[in-house]
């Protein structure tokens, strides 16, 4: 089955991971899944929020947002509206949970890392691109903090890597890494977050049209696990540079 | 393996579905999953939001909230804080999507149904209780509207029923319908929303501790599907009264 | 003169006071004035707000709210609108003042009690039902705190009881405990809060149509004082169970 | 009994009513009750809010606020805090109701008058000064609108005048028109709004300390009615200039 | 060239500076530029915001606002809208910067002065009137604080005075101190803030229509500097009383 | 005098203007002034806000914002805080006014263009970079609209170009195009917006330390006019590609 950009059903879009995209941040990554571009910036601060003081453990959190014209038509700014939309909060929480899934907070020590994921251009899969890029920014921030001595050199705050991909069913066919045009046509939409060893950190599947059965669910999971494995490899290559 | 309330791992808590709990609402259900009590109220209004005018289709949405002392310690009101928390919005969106998954908007016609799910007491599983109760309130509101002539008597706005249950892994063991005490101990937490025919409308699984593998995911899905089937049966009995 | 529910002009609706309606709260009361149902929940916390630190005195406050479909038609949530309406704040302040009118803050010690009054169904008189039920929840929370040792066993934080009732003039006739249908027709509307010994804690009378004279004011006060006396008796019976 | 400013218990402070205090507004009055100074400005607009369109009736409403340093110490601005306090909303509602109590909305026709009451300096009794001054501003705005032809020359939108005064009990003694220093010491505080013919539009009494009995209530009402009668006379004199 | 109020192009409107306009504030000035009336109130508080603790330096800030009917037609209150408009914040920041331009924070010591500038009536030039009046209120508050011993008697917190005036180009002609009617017709609008010695603290010029050239800019600056010199003289006279 | 990046006092940083940086927007420009990077995106919509309907004229406006980690340390998001800061609103208004200064709204017709200026990295001069880049994005959006037929092919909505630069005084020396490190040290800070023909659209000078005199003001204006002339040339080159 041909996709309109010529990909096979189990093929990722062109993935680019550009480290050090900003000059000041402890970790900064421009991640691209095709035309989707997300700037992931990790800010490291010694110390933790009050509720973690003297606990010996650190904190990792994330905020996700879209520039107003990331999308095909302009959206109003949430800062102008004076409140965060549900979708924004939901994705921010998802990215934060996904990253915490591979961080050992004891090893991180009493330090805080905030990862801002700002979508510069959206063409489907922004949350999965955000998670995939955020991991690399997080890794860079941790390396920086170890070089600076904020985290001990022999500490292992990262227990694994994390990557995410979207899968969906279009005209009954499971497909990997949906672009926007495919996403709006999908009957079922699923986002899967995997650790580097191929296990699940988060699975979120939604029937947009009719409910889906176990067989389709299984095939979606298979596609996603394979896609995450490829992303894991690309993250490794990026971090090796 | 003994659970602290004596249930087996695949056993639901006592489920009660009380219809007509309020005097004025078109559909109102008090749903109880053990000590968790959620008031689900369906409000029917002829007409649709502006963006659906003259589309011939209706709209179903939901708002979820907790009373301040539903929980063990009192929480501040979101109305006093002046903003909705991320969790509240996330669950409101989930309940709405789950209900829309079994509604044929064309058959509903240009009518709007809002289902308010207010948690009077929380003991784990409030979102799944909310979905399960909301379906019954929705069904009652549709019956009311058909009797009133707002919806044609031969229309079939409901394509199926919908129910939801939580499952989780505690000490490596998959368990059904976690109470609060179990929920905080769970390594993995999953909410599954099923249509009456046993297919999936929503699957949301989260690793709270270590990532989980495909085998555990499969066993959680099995437990959840069975739990939803029981809930579907209880919904039918409640609606038959 | 016949009222549409068959009551005499000086007759209360059926009053029910159900204690211990929730499992976790220190005091929880479902109070019903006919179809009006308010859940009054007292949350006890050792300690006081900053401005009372080291004063040796405690604090009692209240928050009143309505569920969106408590009324005949659905209202938007104040949490969604992002601000509290004037009516909500006004009643919250009234309930708090009324309760503080019978609390000896020195005897309470440096402890805080918040009473949440959430209207589950509204049929007139929600603020007076809230005050009447809140007193019972408050008394239960204080008993609990004395049993737990947070308040000395021989302390007397309650100087009296407090109850409240609405009265109004319909077609020139003073009437007790207006239901919603009567309330909208009333030319004058008055809420009276009495201590258990029959004195006044709060009197709020408003001409909805023409101004009212002293003779009508006096007859309204007479009716209200008698109504509060009955409520005081019912509170005693409830607390004696 | 001597008051600290030498007044007798039934004596008003110096009352000044200055009309036409601003150059552009349809009605503008600086009202002074001793050191309390409130600027009351009536803005007339042809037309009504949407919910009154084609009803043939008008609308009168009011907004009350305090400048940040009206009081002895500076308060934060509600505009900076981003929300209206309960006290502000409560008084705004009271002033609006009081004015509507003497307006015939049919005679006003489909016109809207908003009366802004801004406290420039506060020394007790700001809400009663606001009502007393707002009436004069309202009368001026109506005269203006009749001269301009927005309201028919022979219409009678005002059915009476309205004035308000505070009374309270200090050391057991009922007193009229409390200044700030007296207000904080009062055991009972009452605000009474009277129509020009001496009947009640609003009565709000609050026990600040112990509950109060019927005898004290009666003596407070007597004092207040006499005080309002004097204010009514001063309003007439001001409007006659 | 005749202006519609008979002034010459380089003539200020009638300027009045009334000190001690309120009874409680440490400094309070009603400043009038023709029909523009601004109440400038300086509130002195010992101590500084947290970020200046133990710095040995003080803080001066300002908040500007308009009463809803200061203008020809009524504007909604920012407190009711729940947010500050851009214009309000911009002017508040300008007034604060202008005052800080002539304050030696070391000499002020760890004290805070907030100057509230509330526009009672607006007829053009409200921000420049606010700065001009605010300086006088600030000087009074500092004198008060020196008398009270909060600031050392020999300290010199004020390094100079500050005044401000608007200038603009109408039909190609530069003019001083525009009233509202002139302001809306101006092609270029400039606000100039000068220290008492005639130097610049702030220069803000905006082309409302076509861009303006250097020759016009120079003539506007000349006019403004002369206008500020006159205001400086009037401030001295007011403070000398 | 040597600057720490080796520039002469009248030298701009490296300026880069990259057109078409996004795939969907009608105009999108990444503008770089040294390390300062601003994404300027013009969104074209046929039609105008309600208050311009049937006026035959269009509307151009702008919104400016910073990503949270554009700066050296992370700032909280204004969307999370729920309100726009004064600085953000002030700059948004400045950018909008500057662009409107060179647009003929009649020629634009009833069309709206919103230019979003989002600072990806901040190193001083973000508002002047924003204006300079926004003009190019605006020009591209107008070209697009003319090709699409939304604006007539022979219309001339742009009366000129617009560019902006910052100047400041450091250690008594006027300098062009301050980077962040210079900006914090500057005694006087000025932003100048010029039309392509070298006239002024906006001049904003602020004494950060001591007031500045006319001689320094003149030298700052000279520097800025020369800097804007260079930017105008670079804009032309970019648009010629």
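The first chain written gets the first letter, and so on, giving A, B, C, D, E and F; residue counts start at 1 in each chain.
Convention: contacts are C-beta pairs under 8 Å (C-beta built on N, C-alpha and C of every residue); 3 or more make two chains touch, one makes a residue touch a chain.
Predicted, not measured: the structure shown is a model, and the values here were computed from it.
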In terms of touching chains, how many steps apart are chain D and chain E, taking the shortest path?
1
Find out how few touching-chain steps suffice to connect chain B with chain E.
3
Measuring between Cα centroids, which chain is at the maximum distance from chain B?
E
If you take the mean of the Cα atoms for each chain, which one ends up farthest from chain C?
F
Same or different for chain E and chain F, when you check if over half of the residue numbers at their contact belong to both copies?
same
Just give me the whole-number Å value for how far the CA centre of chain B lies from that of chain C.
33
Let me have the rounded angstrom distance from the C-alpha centre of chain A over to the C-alpha centre of chain E, please.
51
Quick check on chain F: which residues sit in contact with 2+ other chains?
82-84
Follow the ring of contacts from chain E, passing to chain F on the first step, and record the chains in turn.
E, F, A, B, C, D
Per the contact definition, I'd like the list of chain C residues that touch chain B in the complex.
22-25, 28, 35, 39, 41, 43, 45, 63, 65, 67-69, 71-74, 77-80, 82-84, 88, 114, 116, 118, 120-121, 123
Residue numbers on chain F that touch chain E, as the complex places them
83-87, 89-90, 92-93, 97, 101, 160, 190, 194-195, 197, 199-207, 210-214, 217, 221, 225
